[in-house]
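Here chain A shows up in two complexes: once beside chain B, once beside chain C.
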Partner chain A sequence: MNEWIAVGVFAVVAASIPAVMVSASRLLRPSVPEKGKETVYESGEVPTGGTRLNFNIQYYMVALLFVVFDIETVLIFPWTVVYQDAVGAAGLGSALAPMLVFIAVLVVGLGWAWRTGVIRWVSSANTEFNT
Partner chain B sequence: MATTPVAVAEWLGYATPPLWLQVVLAAVVSGVVVTVMLTTSALAGPWAKRKITAMFTDRIAINRNGPAGIFTIAADSVRLMSKELIVPDGADRPAFDVAPAILPLSALLGFAVIPMGSGLQLADPEIGLAYVFAVSSIASVGMVVGGYASGNKYSLLGSMRSVAESIAYEIPLVITAASVVLLAGSLRLSDIVAAQQGTLVSLGPIAIPAWYGFLNPFALALFLVASLAEVGRNPFDIGEAPTEIVGGYITEYSSIYFVLFFLGEFLHIFLSAAVLTTLFLGGPAGPGPAWLGIVWFGVKIWAVFLFTQWCRAAVPRVRIDQMLEIGWKGLLVLSFANLVLTAIIVGVIA
Partner chain C sequence: MALPALTPQYVLGLAALLVLVVDAFTPTSRKNGLLAGLTALAGVTSAGAAAWLYAGGAGRTTLFDGALAVDASTSFFTAVFGCVAALVAVASYDYVREEPHQSAYYALVLLATAGMSVMAAANSLVTAFLALELVSLPAYALVAYLKRDAGSAEAGLKYFVVGALSSAILVYGISLVYAATGVFGFAALADAVAGNAHVTVLGAGVVMLIGGFAFKTASVPFHFWAPEAYEGAPAPVSAFLSSASKAAGFVLAFRVFLLAFPLAAFEALGIPWTLVFAVLAVVTMTLGNVAAATQTNVKRMLAYSSIGHAGYALIGLAALSGPTSSDVAVVGASFSHLFVYGFTNTGAFLVVALAERWGVGRTFEDYAGLARSAPVASAVLAVLLFSLAGLPVGGGFWTKYALFLGAVQSGLWWLAAVGVVNSALSLFYYSRLVKAVWVDAPDETGVARERPTGIYAAVVVAAVVTVALLVAPDVVFSWADAAARALVSA
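Up next is the complex of A and B:
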């Protein structure tokens, strides 16, 4: 019996839940369009400017760092699965040392990011309310 | 233990069931799993949340409709579904409609492989743990799409914050889970549960089970904190932060879309509780006969849920710079230390 058939069927059932809820709501809800309702919410003020604006670069730096570490977790998982057998077959040193080197390289990378301030949040210098 | 569809097929006399039977059985079991989790997250979850918050803040919660006000939640869901759907001016239309469905879907998908005890487990693939992390991280896509498509500055800020948070805590979460895989030697969730069945130490009549939470409480603590941040609960609810940015990526969502976001969040809390239970608390293991498994599983995920509500009432929110520092400089380093130490200990013992 293939596990992924079951997972696929489950995905269809799970996807039907939001679909059914949205359809049911469409039958139930009123629709009274008015201009004022559709205004973007800005705490009751008249909205100023759009939202397609230049955004804080720091989010980008953090995301870049994430990609590196996330790929690395993918590489760590197979090692964790075979680790016990590998220790039995090749000894502790051969099973552990390569991964220690690998993690050490990553930790150096994290240290670099730490030192260059990628993961330190600095409020922008040209903000009016900067303290 | 075999998964539920396999067990039912064998009971019906099919050693190798034909494709149609596999699909039918999978659909029936999927229905059961989805119903159980939706009842838990959509009905009991919000009810408990309101009751607990009221107790913590010394107020009286819902108590009129039904026993202890439980029907109020059902009435609320109908009320919310029959509200007018307001789409803001600047909304990016197809994306605005897709985003709310992504959150509950990604959380529900994770439950497909969780062993819930009493023989209830839909599928048990070899890479079960990796699958759970893979599908549950799709939720970030829903937040980003929703926040961007709303055309609202609060939404944009909220979605950016949420993503910065979930990517910062995803890595400690996965690395800590990897330290459990080191101990269990398998990504298959039923194997991880089976590996925790022994007794760690006997203190007279009390036998402490070999749950990884007892074996490595440090990893349990790391995982718990990272899960809290991953699902965006206090003290890490900076993505919504009602007192700062209104509601973050949910700001412009009304009616059924709001319900879907809300449901998705509750499902996510229960999914992370279920993963924590499976990895660290022995899954459905507990005293008594094996058919009680699902009860113990329920008790454990509710214990984790109550912990999140406790944090919600007791711990103030962290700022975004503190969140990044806790994640990247604290939890990440500690989770690597945990992984290396676990590897050394497992290697020396093995």
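Up next is the complex of A and C:
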């Protein structure tokens, strides 16, 4: 008997549990529609307005820059954890220089984005989310 | 003087940063000439450094715990990428003169070139994938560079979607290979695949890797983005993608399949991947050439013909048979074909860039009688196209001859026969364009054409190199042979 059969059975069971739960509750529950149940879930807040509204496109550039530095921290965190040991094992230069080069590359990119006006906030009367 | 083995890669990466720094200090001034010059200089410098490293004969240098390895094939292809980037930069000087965001354009060209040269040095599946993404991401943006132009934006989106899909397939293939072997490095993989117990997983992974490389090289079954992307993209970007990016995909495929997946070990496992490449080569060259013959749009014709050329280059992977000398010959033929093709095809696309600048239309009829108003460019176009077809006017003649001969010597005479038939077919549609340019009468006579210096210089250099390789092929072919030897007998 192939041991992968267990994986297949597991997949079938995993898929059928939510299906059974949803369909069983559909059969058992009484149907009492009311307004509070049908509103959009907003973490307990009372929703205001529709969800289809225009976001300012400038958030996109900010988000893009954020992602760059988000990824940067992912690399810096493990580096800081091993930094002391790395200095002891390989010397200060070999432990520190690559990270400085990496950050310098990102700083060049950020400096370029800043100087060419990527993060300059342009106000417009037509957008809803002006600051 | 002993240069660091990665000098060309450093030059390209630093030049990309320098372009951004220059623009950051003077964001409002126009400096197209400075940035184009910087890009071209970086391309030529990296190509020169690669030639210097090859002449120094350092053999094989592994760096970063075996993540990268620099050998003759790295320097050979880095020279191709550097030269193509320089040609593209010089031509772009005229092409993007009126466009905004020039610093981004040149920086992306340099970053993509740096990624290609790292691909040529990849020695592990991880660095291979990272380098491939470093080529792909700038390429998506470059295709969509003319963002106010609907065609360019559409081409960029299509290229991105197909590219993201094939990247996903490639990285899944890498994960399957890792699942079967537990290693990423090429040398370790070569040991781990021999007698591997997980043949199905490994085989599926290898097939997915082939899919990922087929995207980068615009081969069947991931070729269909090419005509769309090349047609909509700015013509210098089409030139860049169809020659340098394709060569980068090929050098990576050669490195992976020659260094990490030895043929003998895979035949013992019952996965003869040469057969897969033989089938792909036949389908790719036939589909590319038949589709090119039916096109009315010049750029699409060149795009399909570049798919056909991917089919010829695939012969280098299909016709491997085991003996070192014949393997070196056929891989070297494929390498030198990509070298010649790098110049020839870049030149052909840059002539299209010239025509776009003049506002000539996009179809064969629109090119009618171009020779009356622009004889130099038309003569160059004729030379380049006939070299692409394999006529003895350019280096393409020798490389096609060597490829088909290599296929015959490996017993794949049918592959060579398909190649010859396809070359004859390609001569038909290339001649149609040459006839339109030289024989057909123009709609309006006496048109005065401006002479954009940059594009003219780039196409003339491309044509001169193409013809020079017919007269003195040994310079490049001996380098290509050394490059092939570095991979085959590594």
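The definition used in the following text is that the second predicted complex is superposed on the first by the 73 of 131 C-alpha atoms of A that agree within 3 Å, B and C clash if a C-alpha of one lies under 4 Å from a C-alpha of the other, contacts with A are read in each partner's own complex, and residues count from 1 in each chain.
Criterion: a residue touches a chain if its C-beta (ideal position, glycine included) is under 8 Å from a C-beta of that chain, and two chains touch if they have at least 3 such contacts.
Everything numeric in this text was worked out from a predicted model, so none of it was measured.
In the superposition on chain A, contact of A:119 is made with chain B only, not with chain C. When both complexes are overlaid on chain A, the residue A:109 reaches chain C alone and has no touch with chain B. Using the contact criterion defined above for the overlaid structures, shared-chain residue A:51 touches chain B, although it does not reach chain C.
Considering which of chain B and chain C touches more of chain A, the answer is B. When the two complexes are overlaid on their common chain A, residue A:92 makes contact with chain B while staying clear of chain C. By the touch criterion stated above, A:13 is placed in contact with chain B alone, chain C being left untouched. Note: residues 114 of chain A belong to the chain B contact set and to the chain C contact set alike, using the contact criterion stated above.
Contact residues on chain A toward chain B in their complex (touch as defined above): 1-15, 17-19, 21-22, 24-25, 28-32, 37-43, 50-51, 55-56, 59, 62-63, 65-66, 69-70, 73, 76-77, 80-81, 83-85, 87-88, 92, 95-96, 99-100, 103, 106-107, 110, 113-114, 119-121. Considering their complex, residues 3, 5-6, 9, 16-17, 19, 22-23, 26-27, 29-31, 33-34, 38, 78, 81-90, 100-101, 104-105, 108-109, 112-113, 122-125, 130-131, 148, 150-156, 160, 163-164, 167-168, 170-171, 174-175, 178-179, 181-182, 185-187, 246, 251-252, 255-256, 259-260, 320-321, 324-325, 328-329, 332-333, 336, 339-340, 343-344, 346-348, 350 of chain B touch chain A. Looking at the complex, you find that chain C touches chain A at residues 17, 20-21, 23-25, 27, 103. Interface residues of chain A, counted against chain C in their complex, comprise 105, 108-109, 111-112, 114-117.
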